[in-house]
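Here come two complexes built around chain A, the first alongside chain B, the second alongside chain C.
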Partner chain A sequence: MSKKMKNNTPKKKKRSTLARWFRQTVLRKHDIDYDNPEVIETPLKIVAQNFFAKKTAVFGVVVFLLILLVVLIGPYFFKLNLGEHEQTLIHVPPSNNMMKIPKEMHGRISDIAPGTTFGIGVDVDGKVYSWGHTRVTERIDLKDIPDEVQEADLKMIAAGMDHAVALDTNGKLMVWGNTRRSQARFTPDMEKAQKSGKNWNIVQLEAGMQVSAALDEGGYLYLWGNRSNFDLGIKREYQGNIAKIAFMANEYISLLKDGNVAYTGIKGKGSPFSKIPDELLQGKTVDIAATDRTCAGLTEDGKVYFWGRLEKGENEMPEIDSKIIKIEGGRFHYSALLENGNVVSWGNNDYNQAKAPAQVTSGGNVKELYVGNFQNYAILENGEHVTWGLSGFPLGTDNFGRDMLVRIINGGRVTMLVGAIAVVIATIIGVILGGLAGYFGGTVDIVIMRISEVVGGLPFIPFAMILSAVIGSRLDPTQRMYLIMIVLGILSWVGTCRLVRAQFFAQREMEYVTAAKAMGIREGAIIFRHILPNVFSLLLVSMTLDFATSMLTESTLSYLGFGIPLPTPTWGNLLTGANNSIIIQQYWWRWVFPAVIFGMCTICINLIGDGLRDAMDPKSTER
Partner chain B sequence: MGKYVLKRLVYIVIVFFVISFLMYALYNLIPTDPARAQLEPMRQQLKPEEYIRMYKQLRKEMGLDDHLVIRYARWMGIIKGLKGKFDGLLQGNFGYSQTFKKPVVQQISEPMKNTIFINIFATIAALGITLPLGVYCAVHKGKKFDTTVQTMSILGYSLPIFIISLIFMYFFVVRWGIFPLMGSKTPNATYEPGSWEAFVDKVYHIALPVIVMTFASLGGMTRYVRSSMIEALGTDYIRTARAKGLREKVVIYSHAWRNALLPIITSILAWFLGIFGGSVIIENTFSLNGMGKLYWTGLNTLDFELVLAIQMFYTVVSLIGSLLIDLSYGIVDPRVRVNK
Partner chain C sequence: MSLLEVRDLNTFFRTKHGIVKAVNGVSYTVEAGKTLGIVGESGSGKTVSAMSILQLLDTNGFIESGSIKFDGRELTTLTRREMYEIRGNDISVIFQEPMTSLNPVFTVERQVSEPFMVHQGLSKREAALRVLDMLRDVRIPNPEVVTKQYPHQLSGGMRQRVMIAMALACRPRILIADEPSTALDVTIQAQILKLMNDLQEEKGTSIMFITHDLGVVCQMADDVAVMYCGQVVEMAPARTIFGKPQFSHPYTEGLLFSIPRLDTPSDVRLEAIPGAVPHPLKLPDGCKFAPRCKYATERCKVEEPELVEVQPGQGVRCFYPDLKERRKDG
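Coming up: the complex of A and B.
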């Protein structure tokens, strides 16, 4: 018993300072000995207590630290790609449903057409469904499926960039979505075949950038749509001899019935895709696939050959322990179905589209694979489906198809860095000049105060703009960032200078300064080592508030185009050009999210600054 | 008082020359060569040595080889120009705008009116709201109303003005359609300039920018007025006045208010300058035909004679502002007059 007591008592006393501080400030429990009421607390403790007693200040600290954490650590996870430009993902609203197949379709999938940011599917009853971001233009939404398509018993489906094509069991072809670019204008021979039923036993349906294709069992290929950007034609000698086709961005290739691959478009030898590897011309090709700029051909022995503009790692196929039986292409990646029921994906992995989950890479039970753009859908033996790739953007995308989340996080880092360094520069100048003016007074004071009046009298934003324009025009973006820091620092030291000067006026009359002087300490040392620490607390408050102001100024300059230039994101230039009604209303995510996080950040910094000031000011408790 | 005013005037004139010289020097950092630009079309027809001779002569004629100070004095109109007479800024020659192909004076007259118009409107509106609000909050400090205003005012000075503009645009223009989105007049309007309709149309267009500017300056000013009023109310002479049995109204408005006014006036200077600087953002966001918009255009097209002239305008505005503040300081605080 006594042993236990012995162990317990010292433990209680040894409560660490941190824990005690936590108890006092956060839990608000005081270890005050009420028998002995005269407890002396250090000024710092009182300041901390006052500060944490204010709910708004604590809120500010917590939220600011959270934002700071996200902004400091975030860029390592959300890497910024300055050259990013993705045509198909422009102005996508905040979404997470691009691969979310509707519940009614679960286990009953018969065909899926992955579009750019949406998907269209048909279930075993021939009923059509759509999901994802289906609004392809301002007015046109692919979700508005025409009645005739909804009522029809669909067999096959294809989705392009802004239109969808469906084929019903009677061989009727239907198009909806954007049809302004002749996406629904069938060619005369198609109309004829559709009417007579001859050469109209469609086995493959494809859709791409405003173009579509239907392939008949007999090898007849029908192509229709917008011809301006697409080699939309077939050389006569190949007609009736085609087994499969694959769409690139502006061309297509064909697998012929004799097992060879051919470029069957009108361009012929003029197309870079007509340089087909010899291995695919041996009559042993079984499958073809294409991404935007590359093609792939699969031979009987399971080998894959690539050609085209292989710039995004489309040919970097991993080692495979089984034979490929089917290959599909997305926008910049390929996925292949293996003989053992597994799936492999490779190529560009910007949106995780080449990172197939373990369930399909080693599960061995994949039955069917649908790939398009940045999405992959694998259907398992038991009817369940597995998806990987781009599922959406939590904060939407901008006018270049860039993820707003990535840009906001990286922009925050730039804005905070610029603000912080500008404040440090301003504080150093302000402390030195203010200290000199306040300590020496007289002529030094008059000269420095006149300089500060001139600088303080300059109209801030216009002057910063002209400095940035004149000096910045010869600099690269990184140097320009440093320039902005320096310009902000040089223009905003006046407030700090005045504060320090006023404090020094008061401090230099104090006894400790007289004592220091009497001891023969150098004046520089008196200023910076004796007086400055006494001024530091007020300086901290002004630095906190100046930090918010610097961030505001940087963002304002960047917003006007005279700060950090695009494409480097900052919280200011993310909002550049947001002042038109289309962006304000329709693309609201482009300004709401940066504005909210930036506003939160500056509000929190100001709350912290206010809280600190009130906590340090002995009068504030009286008020 | 007369001596005090004179002193301030001399000081401001000196500052004006210092700033304008700095600006001119900055402007001369830009690597441009008007002589070469003028000779370039003839280069093919001339022999190299002849070209060099002509180039040197032209540089001399244009005065490009002279010292920076001399060129500055010429531009300012302090010494005689190249044509043998005073022709500079002080004589009203602001230069020639390359972008708009007309003299800067003509180009800036209309925008200047607009800018001054909206800034004065916004200043009056903001002062009209913040002064009573700040005093009320100070007198009723700690009450619910005061706490609410305090919290709201943090919002006001933490948000950058362009974000406030976007929020106001969303509600007032896109949602409710009360105000036009942009521009300073209705396109293809048929009214005569100077008529009542023209004025109404102008007010209709600048209403939202002025509201935004007013709103943006509410937070900071209210807090400032409140804190200096609280400071004044906490002093000993207020206690004395109350002890004498003066009515509360007299104590607040006659004793405390007048003393609180001094720090407020100082802060109004910074704030007034901030409003003029801020109007660059507002004018660009709302596409108003003002000095800020013109300044932005000039900087983007590197039309530096225009930019320099506008920069001088901003400098003069800030100097006049500071002079006005000094004078009103003298009026409000008798000690200033006596001491200086």
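Coming up: the complex of A and C.
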């Protein structure tokens, strides 16, 4: 039949494209006219037709399938790292602007100070801009650049985790951002030098984790900031002899004027970073850089040597066909500017920060390179800029700096798996017991119904909490997941059992049961092969609705901390944090997104269940 | 020897209000290749006595006493497992309501192939071929189409044919037909009855035909058992009952009078049996039919008559079996 003809033939009933597709592929039923005027319709086909004629049900199916698809396939693309803990990315709101240099600066960049999740830039006119996630606390925001900084003739700027430092041409230091942790408390000799101007010709300004450093041309190093974790001091013997410094997370290393690298902090030999490779002690070191836990030194002959805790691939430097002239460290990666104007990046690539675009790896026209924690900015000869690395989190991050998107996708998988298996367990138990009770009646029925009343009478949440607390404490997270499935399954079969029993009571009086008996068919076969298919439609509805309920119950338990424990994400325990007002108000993305997707999912499942029920109930279609 | 011999069968039901004696000392026989018609009003114990044979009683029903011998084998003492082998294999049943006695979610093929698979251990594919043969046997047009259809797509007559095909699948020795034509309209009824007659001739199956329709019995049965209140009140060859009988039970007489006949003069009113069937828990003493019997005497109300063989082949449970004498006295 041609397509044209098909259109001309009057349709008995208008069907949506999806419904037609479903009919043709799943039910293998085509819109063909039979010679037989009575078109063959199986009960299943009628149900499917009724179901897909309902818009809400189709909507539920589509949205649910989309969520299911994301949740099933997503984890392969958004891999979950249970040990993830990124201090610098805690509570980043949904954003995509961490490397978004303001338009006004385009082509006119004079200096960039990349921070952890933000950047501060100065244009050729000396105007200061900021971008990215600049808010530190409710009150403190690095975006609020002080007027004195804006008006000053800036010589240098630096940005750390939650503060920024600027130095003007008069040698005046200005700090803004979070200053509660001594970020702005200058040491006495700094004050002295600043006042007198002696030993205060600053050539390097650095800012790190709440600490800052300024280096005088004469080799004098000034360090200030939060001393609680940081080895913020310099051994007297090195003072006045320093050419460059690099900040790690809690330490710093120095390049001395004699071309050697030294650990100049107070810890001295006690620091793991004091084991400097011999090659860097030959007086031929020209540059140093540091990541969070590693250091790198560049020698005259262009070789790079690494030391420290090389755990994230920081030393996996690719083959380089040119000479490195400048090396910069991010939090877990390095980027280097080559003599031929190219850039190479290597190290940890969780946020694509070690994957420099082709434009800079082979363009050969990079003029300047700035490296933040996870961000890279390359300024080209023509003044344009290229960025790569972490630009933001679409759904924000949680209190451990973990990407909410990844956790929602992976959490959905766990929640749906737990819900599905719990429903399967509950249905199996419910069908077997309900079938036996309904078919045999009498004593069997009485015994099974009393058992179901006992189970149904157990207070669900307290009981599940006790079970998971008593047994769960000895189990690892995976076993605990299975425990929750089983507990949910074992405690929620009562409804199914009653439903099946009631249906069996009605069905066993039907003549087809007597007929089957008269055919010599055994009782087990009658129950499960003859009666059960007649009850299946109702069972399907109850399974669908139970699936949503199981997911909700799992989430309730997880929210209360008795379900699946952190760090394994589920939609329930993602909401765990949202039990205090600070998170609810300030870090809304931590609960809004999981709640929205979970809500949508359960609503869609319920829509599907209701649609199925209506489709199967011949009376409701007449309404 | 008779193929099926039921002797003094007592089937009772335990209820809240007491024990209901649904079948009370019933005896009848089914001869090989012949049809026994069992006639009676609703609640007279026709179906229960037949279901007792297969032990397909409700959970509160039980066979109190009596013997059911099938081909010389006592059925009442068989185990559950042995009964499975009998049902559908040696003795099959066709039910009254073709609408509901087929499983609504199974295709015809699956329904009919079930006995083949259960009793003959055939594979699905082998069974499917046999199903087509069976459907042809019961004169279903284009069985290839019907075999894929569901019960609700078939008409009542077709469904009953499917039912018959299913019942006859394993070539049973006895077919119990429990009002197989009642739910059908008259033309279909005639077709089904003819089909059953034809099949009986072809396959030599004995039929136990349960009905309340005397016309159907007349057409189908070789022997007739008339039941009332759980008892056989008259047992006779069909020819005797529907001919000009010398002996008859007043109940049979009443039944026969209550159907219109072509030779009945138009001004004669049809005679109805007065009253109603007594409540099964409050059965009268003496003859169970006495309260409704126009010939009843004091003796009938006190003493219960036995089934007496009034002439060879005919038994009547009445003190006054002779029709002419009875009328004269009355």
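To be clear about the criterion, the second predicted complex is superposed on the first by the 579 of 623 C-alpha atoms of A that agree within 3 Å, B and C clash if a C-alpha of one lies under 4 Å from a C-alpha of the other, contacts with A are read in each partner's own complex, and residues count from 1 in each chain.
We take it that contacts are C-beta pairs under 8 Å (C-beta built on N, C-alpha and C of every residue); 3 or more make two chains touch, one makes a residue touch a chain.
This one's a predicted model, so the numbers in the text were calculated from it and none came from an experiment.
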Partner chain(s) touched by A:L89 [first = chain B, second = chain C, both, neither]: neither
Of chain B and chain C, the chain that contacts the larger number of chain A residues: B
Touching partner for A:I112 - first (chain B), second (chain C), both, neither: neither
Which of chain B and chain C A:I466 touches, first, second, both or neither: first
Contacts of A:P533 with chain B and chain C, given as first, second, both or neither: second
First, second, both or neither for A:M543, with chain B first and chain C second: neither
Touched partner set for A:N580, first chain B, second chain C, both or neither: first
Touching partner for A:I288 - first (chain B), second (chain C), both, neither: neither
Chain B and chain C contact sites that coincide on chain A, given as residue numbers: none
In the complex with chain A, residue positions of chain B that touch it: 15, 18-19, 23, 26-27, 29-30, 141-142, 151, 154-155, 157-163, 165-167, 169-170, 173-174, 181-182, 230, 234, 270, 273-274, 276-278, 280-281, 284-286, 292, 295-296, 299-300, 302, 307, 310-311, 314-315, 317-319, 322
Residues of chain A that touch chain C when the two form their complex: 36, 38, 40-43, 440-442, 510-512, 514-522, 525, 530, 533-534, 536
Contacting residues of chain A [partner chain B, same complex]: 56, 453-454, 456-463, 465-467, 469-471, 473, 548, 552, 555-556, 559-562, 572, 575, 578-581, 584-585, 588, 591, 595, 598-599, 602-603, 605-607, 610, 619, 622-623
Residues of chain C that touch chain A when the two form their complex: 54, 56, 59, 83-89, 92-93, 95-97, 100-106, 114-115, 118-119, 145, 148-150, 152-153, 163, 166-167
